[in-house]
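Note that subunit A is present in both complexes that follow, paired respectively with subunit B and with subunit C.
And then the complex of A and B:
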């Protein structure tokens, strides 16, 4: 018994020690009992990334969490309370702009968000006293802030468009800003939104092109640079093309002129040429050099597409018929590559350069088509052979049947 | 011999010959149709053999360090890379963006898609440009002089 009591004491101390180590937080204790907006922070805060990092209410709001009375929230105890909307960036930036402080928690985290924010349209307007614009908490939330890497965070790549749309798709809220409110709906139809929805978190969302903390629309002259961060070859070709100087002179945004800005849908070959869906005829008319170039490029693309599709169809048929056509199938992959390269080369607006790829692809497609035709001919020969042999087999069976009957009907067999 | 002695009516002879002819030609044609596939098997057609599970991508010594080669894997191209330290890695050579054939860039030490400048690292991960997904990786085994690439189970 003497031995048991000290052991129990050690055990109780061991169990209680983590509880004893948890810092006292009278803010949470009191606010958890309150209803409405004053109780909400206490209910949300346990899931907040700051709480998980060991920070408490007082680290942002000041005051004394050891004090159970109302004096905990006195200016004498450093209480700052909730900041006004216009003071929020500096409030958060007090820690988030301090490299030495932030290194203690996340050495890899950037600390230039506040300086970036003041360059944004949001930041500039906030400084002018416009409290409707987005500040830190409007995008990151408050008291239940999640890490950017958390898939539930409003700033996680797949959630950014919805977060921006909370204001930018609200016509009533955006009234007076002279901005359209259909961008989120347009973006939702884009190839980028589709890629993001498919799980490609590197696909661009609002902040990829507009910036996040320094959010602002890219200027007309920087559109090609922004798109070119991913579409490098297209940008390089465009910059060498006669269109760059012409667009700059006319004040047209490079890529956006043909591809749109938010509703960037997958392009089709019909955009090139002089047909009713072609973008070229927005500027070019019959008789000018660009019109003729557009016609020629469209013709070459259509030719390769036709030859490629014809080869693909015949190889598919041969494959479905059980024929071995893997070699022309692999060769046809090169023709597909040529078709894609030709479509990219369109951004040079040089028919001769496009034709290099379309000619090569057409040649490969023709060879693959011929291989498919040979395979189908072989299939037909085999089918005919099978048919003929089946006829003879049936005849042999019939002959056997008759022979047996004949043998059975002879008098010698009858007796 | 009198046909009546053989117990057969006289008019039955042409019929019997016709049956024998039918039977004989049928048997011969059947034998031919049985032999044809066997002969075609022994003498295969001039088409490359297809293998969907594994393929000899190259011979040991074909690739120097920091180089790559595109090989035929079934109906698709694959890419075999020999890293700077001599290790081999293999992936599908079909870009996950728009299905162009990727190639190895010794200067970048990355796998590169020439269509849209997409880049994959040497683990097949999409690291730059439009590709949305990594390249599917294959297993590489050295069997004697052969570098055999297999699809993972």
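And then the complex of A and C:
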């Protein structure tokens, strides 16, 4: 008997161990059996990031997952059920605003989402009872929430625009908000959307400029700061330019005035100057100082572009002819760098500053062009030399052939 | 003029018996039949080899065999040195033409059964020369130290590492360390300008001596026709009749080389960077493509053996069989043409052409 008792204890521990490893969850057991909306959470939950972190239904909804009966969902057992739309932010924020609690899962995770949310247009309207605005689950989904870093998540950078567009592109849904619904379509045409589509996840999407949890349109005065988070030099040049004060006085948004807001297409040199596509002539007219400056900047840019392209073409031709032009080719790269710098310098709206770069680039382009011309001349000389050599070779072959014929014409020398 | 020539000859004859050379040349003949054209490819290969030596010596005046300087020195040769572009391009094109004519020469000798008794050693010395020519190609490919050559050498020397037991040692020996570095370049330069030329000179002397000693082989079918009285034995004097024809061929080769160098100068590429990612489309020189393509088709493992090892062993074995073919096809020595060996040659040629074409697709 003394031997039997320890053996039984070992056996019971062995049987109980696997049961202890998988905690009981009566919520999933029952809801998995149900059809429709009540069964859906149980089906979705296995892929949810909360499930993967070891959390269960009761951690959000309360109740007793150990209880197999309906009393598991009694208020006495702390059951909170599904929150109303207006209560969702606080429902999620209960944990997500608790630094001590969140630290257990990820010490680097932000806990200011709820407070930010209440500053957003969405949050403010929700507080006023507007249940149509976005709350947590509208963007992050529910019961199948994925980590932000998961490429399938609706809030992953490449998916954000589509997620926002679900409401903001729906004219019927947005009726009454006095907001255009073409921004997602406009954004899709932008240089930013193209960069994102090509896998550059650092390219801006809706939330980069508008904020995510604290989403709101940037005010006129803060536009340059929003763009300046990435386009630092352009912002600095703009701030030093005469345009900043003028725009502020006229109440014009900085960058957006020329580049638009959502449909930010790649700029061209034609935007600068006084041509029909130039943005400068929206405000400046012939005879004013800005008009003359725009004309001069456009002229300098066009000159460098022409000289650069000419050098590029001649070097390409020389390279296709097999000529070694790698040194002028490398030098021409810095001319292209000057062109880029000059285009950035346009934001100073100072023709003298732009000219410093265009002059340098033009000078380099001219040297590269000359090197290309020399290479092509050398190619022609080689071909002429080849032609002359071939004439001599053909003559020598002809001479040898005649010599053989003459030699073998005598019977003694025939084979 | 003729008198001056005879006086010079007499002067030389009195000192080292040059008359014997003239006598030899006067009596040396070349068989004349419908396959005579194939005799010219040996001389053509020799001519291109001489071009290689001459242009190689000129390149040596400026080339610097270090990882820091090699690329820049070749760039200097092709852009700054007078006619440097021509010398460098002719050296590169001539190397490729030489490999081509060497292969044509080898296959013509094979199909005309010129390796049969008593020319077994001529065949073996020729085959060893071909291997050395390929070694010249492999070592010379790296010398400009450009990206493509750097990574192709990396892949090529990696292959050596698959050889069982001594593979690791061979790899380190070839590279001068575990990786392709400046040490590999210096080493390859040494092989290219000292070791291989030394070996080539010895083998070439032996090969030419054997050709002179044994004369040119007459194909079995021609021999049979003569023996059966269906044809008359015909020949032409080597000097000057055959030699003048040879010179015509060399002029054609010279013109072709000049045209290739002027119209398609050999490109330099970009300087090798060991830390840069390997570029797409790395491939060896065209004459190694058939092996490269075969290895690409093989699965990672065949049974429990690495397929690279198996592929290399197969090529090694094929090379060995090819080398000793005069002893395997000994019946050819008695004038009996074995269909098996002719078929083997057709298969080898077809395999190399098809695989190379597939690699170039």
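Assume the second predicted complex is superposed on the first by the 386 of 415 C-alpha atoms of A that agree within 3 Å, B and C clash if a C-alpha of one lies under 4 Å from a C-alpha of the other, contacts with A are read in each partner's own complex, and residues count from 1 in each chain.
We adopt the following convention: a contact is a pair of C-beta atoms (placed from the backbone, for glycine too) under 8 Å apart; a residue touches a chain by one contact, two chains touch by 3 or more.
This structure is a prediction, so every number in the text was calculated from the model and none was measured.
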item: Subunit A as common anchor, with subunit B and subunit C clashing or fitting; value: clash
item: Contacts of A:393 with subunit B and subunit C, given as first, second, both or neither; value: both
item: Subunit A residues touched by each partner, larger count belonging to subunit B or subunit C; value: B
item: Subunit B versus subunit C as contact partner of A:246, first or second or both or neither; value: neither
item: First (subunit B), second (subunit C), both or neither touched by A:322; value: second
item: Partner chain in contact with A:344 - subunit B first, subunit C second, else both or neither; value: first
item: Partner chain(s) touched by A:330 [first = subunit B, second = subunit C, both, neither]; value: first
item: Subunit B versus subunit C as contact partner of A:195, first or second or both or neither; value: first
item: Partner chain in contact with A:230 - subunit B first, subunit C second, else both or neither; value: first
item: First (subunit B), second (subunit C), both or neither touched by A:404; value: second
item: First, second, both or neither for A:385, with subunit B first and subunit C second; value: both
item: Where subunit C runs into subunit B (options 6-14, 24-32, 42-50 or 78-86); value: 78-86
item: Where subunit A meets both subunit C and subunit B, residue numbers; value: 324, 326-327, 385-386, 389, 393-394, 396-397, 400, 403
item: Subunit A-touching residues of subunit B, taken from the complex the two chains share; value: 6-8, 12, 15-16, 19-20, 22-30, 32-33, 36, 45, 47-50, 72, 74-77, 94, 98-101, 114-117, 126, 129-130, 132-133
item: Contacting residues of subunit A [partner subunit C, same complex]; value: 322-324, 326-327, 382-383, 385-386, 389-390, 393-394, 396-397, 400-401, 403-404, 407-408, 413, 415
item: For the subunit A and subunit B complex, residues of the former touching the latter; value: 195, 198-200, 202-203, 230-234, 319, 324-327, 329-330, 333-334, 336-337, 340-341, 344, 378, 385-386, 388-389, 391-400, 402-403, 406, 410-412
item: Residues on subunit C engaged by subunit A in the complex (per definition of touch); value: 32, 75, 78-79, 85-86, 234-237, 240-241, 244-245, 247-248, 251-252, 254-255, 258-259, 262-268, 270
